[in-house]
Amino acid sequence: MELTKKDLSMLHFDSDYMEGAHQEIMRRLMETNLEQTPGYGNDKYTVHAKQLIAEACGKPEAKIHFLVGGTQTNATVIDGLLAHHEGVLSADTGHINVHEAGAIEANGHKVLELPENNGKVMAEDVKRFIEDFYRDETYEHMVAPGMVYISNPTELGTLYTLEELKELSEVCRNANIPLYMDGARLGYALASDNYDVTLEDIAKYCDVFYIGGTKVGALFGEAVVVTRPELLKNFFPLSKQHGAVLAKGRMLGLQFETLFTDNLYIKIARHAIDMAMKLKKAFIDKGYRMWIDSVTNQQFVLLPNNEIDRLKQDASFELWGPRGEKETVVRFVTSWATKEEDVDKLISLL
Amino acid sequence: MELTKKDLSMLHFDSDYMEGAHQEIMRRLMETNLEQTPGYGNDKYTVHAKQLIAEACGKPEAKIHFLVGGTQTNATVIDGLLAHHEGVLSADTGHINVHEAGAIEANGHKVLELPENNGKVMAEDVKRFIEDFYRDETYEHMVAPGMVYISNPTELGTLYTLEELKELSEVCRNANIPLYMDGARLGYALASDNYDVTLEDIAKYCDVFYIGGTKVGALFGEAVVVTRPELLKNFFPLSKQHGAVLAKGRMLGLQFETLFTDNLYIKIARHAIDMAMKLKKAFIDKGYRMWIDSVTNQQFVLLPNNEIDRLKQDASFELWGPRGEKETVVRFVTSWATKEEDVDKLISLL
Amino acid sequence: MELTKKDLSMLHFDSDYMEGAHQEIMRRLMETNLEQTPGYGNDKYTVHAKQLIAEACGKPEAKIHFLVGGTQTNATVIDGLLAHHEGVLSADTGHINVHEAGAIEANGHKVLELPENNGKVMAEDVKRFIEDFYRDETYEHMVAPGMVYISNPTELGTLYTLEELKELSEVCRNANIPLYMDGARLGYALASDNYDVTLEDIAKYCDVFYIGGTKVGALFGEAVVVTRPELLKNFFPLSKQHGAVLAKGRMLGLQFETLFTDNLYIKIARHAIDMAMKLKKAFIDKGYRMWIDSVTNQQFVLLPNNEIDRLKQDASFELWGPRGEKETVVRFVTSWATKEEDVDKLISLL
Amino acid sequence: MELTKKDLSMLHFDSDYMEGAHQEIMRRLMETNLEQTPGYGNDKYTVHAKQLIAEACGKPEAKIHFLVGGTQTNATVIDGLLAHHEGVLSADTGHINVHEAGAIEANGHKVLELPENNGKVMAEDVKRFIEDFYRDETYEHMVAPGMVYISNPTELGTLYTLEELKELSEVCRNANIPLYMDGARLGYALASDNYDVTLEDIAKYCDVFYIGGTKVGALFGEAVVVTRPELLKNFFPLSKQHGAVLAKGRMLGLQFETLFTDNLYIKIARHAIDMAMKLKKAFIDKGYRMWIDSVTNQQFVLLPNNEIDRLKQDASFELWGPRGEKETVVRFVTSWATKEEDVDKLISLL
């Protein structure tokens, strides 16, 4: 799968982790490169980044932890939140249920599938699951619902409304189980058009969530925000045990300090949204059918298979799966680094 | 544990992961920053780095995998090598036995302790353990010796001689269990004075080992070399399950490509050795007793406690543990980034 | 949930593990009670029982292991058969997926759900799952199908036909993954009317299966038959690690020796079938609708809720779940120990 | 290892689980065999047995759970008590550290070894371990001491004095970690000569312990006593997940009800002690050296190797390990079922 010379002239819309980091992050990494700091996150950049994030969340008491990647973060957090006999409720399309190579189960926990609703978990489905569970006389032989996992944006690029988030939070708090949000692409939610949910709302309604860096401008890194710190004690040794502690932890601090200075995280995410919306409009204008009405940086379109074959010569993107014999759902992803001229070229090819 | 202004004028000999990366690595990261590549190590830099390492090992058939950190690497590799009923033989001082927060056990495996010999595992101890094990009538009730873990340099800065390595390899191959070397600081072994073991020797005698990047010039990253690929199949999903796969995998490839071009890995490690030897000579010349005769970048000295208190005002280093009431073993670590003027200043303080 | 005096006159059709053991087993346990034998299954009764079972299976080379209970057996066998990155395909109604408190996941493995077809896994669904899996470009990020779990009779009392079993076996062997049958109630399959599958067929088409004792006449105990011993090496330490080894192992040997002498296992299972068929016929004759057409010892009937309330005063049985507002599916279970007079009494109550 | 005809005339002192169950237990099992009861311990015998044990412990508020075997019990209890980052302190000779095939580690936890003192863990060693641990600046990289495991009698047949137990309890409570006693042979402690510790003392000083049935008169079964129930919540699903729940749970209840009626548990244990003391006295009178001064049912003697060869023709016992070239430590075990004539015969052979 190495890129060939042909690739160099290709237009890439495969994913949002094809480039390195935002230039401001690279500048900071260079600038501080030979400074000496203590390891494992005990450095001033990490301390400052935590302050900035807690402030942005409106939660000074929140605990912030930096990990390297998304699967690692989900596995560590979920392992920390669940008791032995508990599992995690997730949409069947949830990343933890499909694309993490069984990391949740490898740590001993079952993913309890709920039917996805445009990629989302609905509060009423959670409520019904919990009610049905405890109504079953044999429930002690079954895996108890111990927390709810949602991703926002979802794997399908859709977003939870404020109302949906409130309802989920209410159901979870009534059931005394934590609500956890996977924010691998959180920036692309917060920066999307007319989105009625803020970072403060998320911090208010989620017990734990993470702010994704890898897909939004960082080389790597995810910031876990624990708004109810009593739920995740001893996080350092837990992370260490999960192989999730970076020796040169300041690189995480530095990157998030940069992203949370001058609103950079949202600004660069906004660019990806602009590019995605331009692309979406072009698809619609040219008469293509969108498979999902996504307002974020992932756009899913139904394309005729022969059109796909033609496009593949000049552009790369992901095949999401066939729909009938002649059409396929295709995913185009923009990012903080997408060049407008590439979007224009792609549009001209349609 | 944040650094204060006072710290800025401090001399730091705490560890070998206090700085960022070698300037050549930083240059390459900057240079390629906005290139688009496929994720998860399917990029040209990673492919090239693997070739360079396989060549340097004299093992074109070896499989190379890049992971992020040492604990993660040990946990993933050991989990992949052991059957359920097997444990890993290690010196009681081994990093996996002491400083990885139980990551081996968290994956279901017991660390079978052997007495350390200057931080090393001796072939005869392995042999005796295995013989005693299978001589015990109840051995099926016990954890079977399933592999041997060694670190080189060891946690005490000592090195395996070629003869010791050969003997370990022979014992392991006779017992049909793999020999695995943790090379978190491997550069500091290979670059040390008069060391009779080469990278090719290591590739010859070890079934799996890793070449440490984090402590030898990289921002992060460890290169796992599997010289008998049949022992570690399906490494990608295994790593993914361990949360050990980096989305922007090219950063690992790029760093190791750089380190294995023009012998950079050894050259920068050599600098750390020079600094360590200068320091060691100064200690000895000034009449201090070395606790261990280390030829690598970690130097252990017995210091009077009042001398430690005095030094602490100007230098930072790790207390390794008290020896009697008036003295303590102290560890000084140099690295590829240590400034000679800092070594000179430290010496002048003694 | 203690039984009250009222209970003593109740008719119990809750499950097939409400009594102790068949009298012949009790007799043998008494008779040999003070004999001294080595522990952990190294006794003559266990050796003999293994021979009897291997013969009954027509597989002299098969390895037989005795464990205590069903969940323990499934967890141990599945843990032994799967590699880290693999999961177990199962009907969504499969016992391992629903009623084992997450034991499969607790050992690190995902249950990959297939839609049940009358409680059964269909070969074509397995085939499609495997094909779809390896066609997906991201399959290395997903849990690989590593084996197939079926139960026979299923949790719904249905049976695999010889043809269905052959097809499953073929699909599994083509994909090089083992087929495992949970035979917790296997006797009630083999003894059912006109069943075209024999124990030899099962041994021919399954790579591993177990013959349930707990529900078919034993105090406890399940006999694992490994027809391809190379798939499950080191089973003793694996079982020990799972807490699944009985110190006084001869009790397992003795019970299975008894069950496999003079065809006792089938004879006593036949009684349960006779009782179940009598009950089924009565339900149908009286105009009730069977929810599932079961030929084994579990009978599922749709009953009006007010009828259930009335019956509950004299009989105990399991509510399987509501169907609409006025009816509920109810399960009646017979066993080797069911008294015909109790069946007659129940029928007279309908 | 099957017994041959020769064996039938052999004297067996290998272990305390060579026979079935005490006749009173067998009688009760026969008597109740065809009664119908709910499964999984929801029966009247189990409820009554729990009451009897709680009363005998002087702890009406204690929670009692019945499991099948010792390794299973240790694995389940320890898994339930420890947090992810914690390990269990144990004597290096502890059963969990040596003879349970890594069951503790298989559940993710490290056994933290303390040097044994006649098979015992000393309070001062626990105290020192904990102090040293938290004094180490890197303790968050290490496995935290999360509980203490002791066995009483120990694997060497020795006993904790009341004073030793008090001290251990005090150290544990000061450190806020539970003290857990493995009582696989507890009866043989309580029934030994002049022992100053009662069951009530154990219930007072241990947070969790188990009363062994398998080795003291039962077919199988261990009664876990949780004197601080808040430490082990959700024990049923935890046990189920561990494959440790018996479908016909009443068999456990019945056996313990019998053992705790009319002081049967102590009476039958007393017989084993009488036999062991007779044997011990004979060894000493005949000039043999006891390797350990055991007052319980395991006796360890130093025997010349040629004497062992001679004895082996008429008696079976366990070789505990060589001491020099000419002598070996040998273990003789008596039980509730040992016949005095067998002891006399063995003595006559010395």
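The first chain written gets the first letter, and so on, giving A, B, C and D; residue counts start at 1 in each chain.
What we mean here is this: a contact is a pair of C-beta atoms (placed from the backbone, for glycine too) under 8 Å apart; a residue touches a chain by one contact, two chains touch by 3 or more.
Everything numeric here is computed off the predicted structure, so don't read it as measured data.
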**Prompt:** Is the C-beta contact count larger for C-D or for A-C?
**Reply:** C-D
**Prompt:** What is the chain whose Cα centre is as far as it gets from that of chain D?
**Reply:** A
**Request:** Measure off the straight-line distance from the CA centroid of chain A to the CA centroid of chain C, and report it in whole Å.
**Result:** 42
**Asked** chain A to chain D: how many Å between their CA centres?
**Response** 50
**Averaged-CA centre spacing for the pair chain D and chain C, given as whole angstrom** = 33
**chain B: positions in contact with at least two other chains** = 84-85, 100-102, 106, 108, 140-143, 237-238, 240-241
**Complete:** Counting only contacts in the complex, chain C reaches chain A at residues 84-85, 87, 98-102, 104-111, 113, 137-138, 140-143, 318-319
**Sites on chain D touched by chain C in the complex** = 1-3, 12, 14-15, 17-21, 23, 26, 29-30, 32-39, 42-44, 47, 68-73, 75-76, 100-103, 106, 214-215, 219-220, 237-238, 240-248, 251, 337
**Asked** Within the complex, which stretch of chain A touches chain D?
**Response** 79-80, 83-85, 108, 140-144, 234, 236-238, 240-241
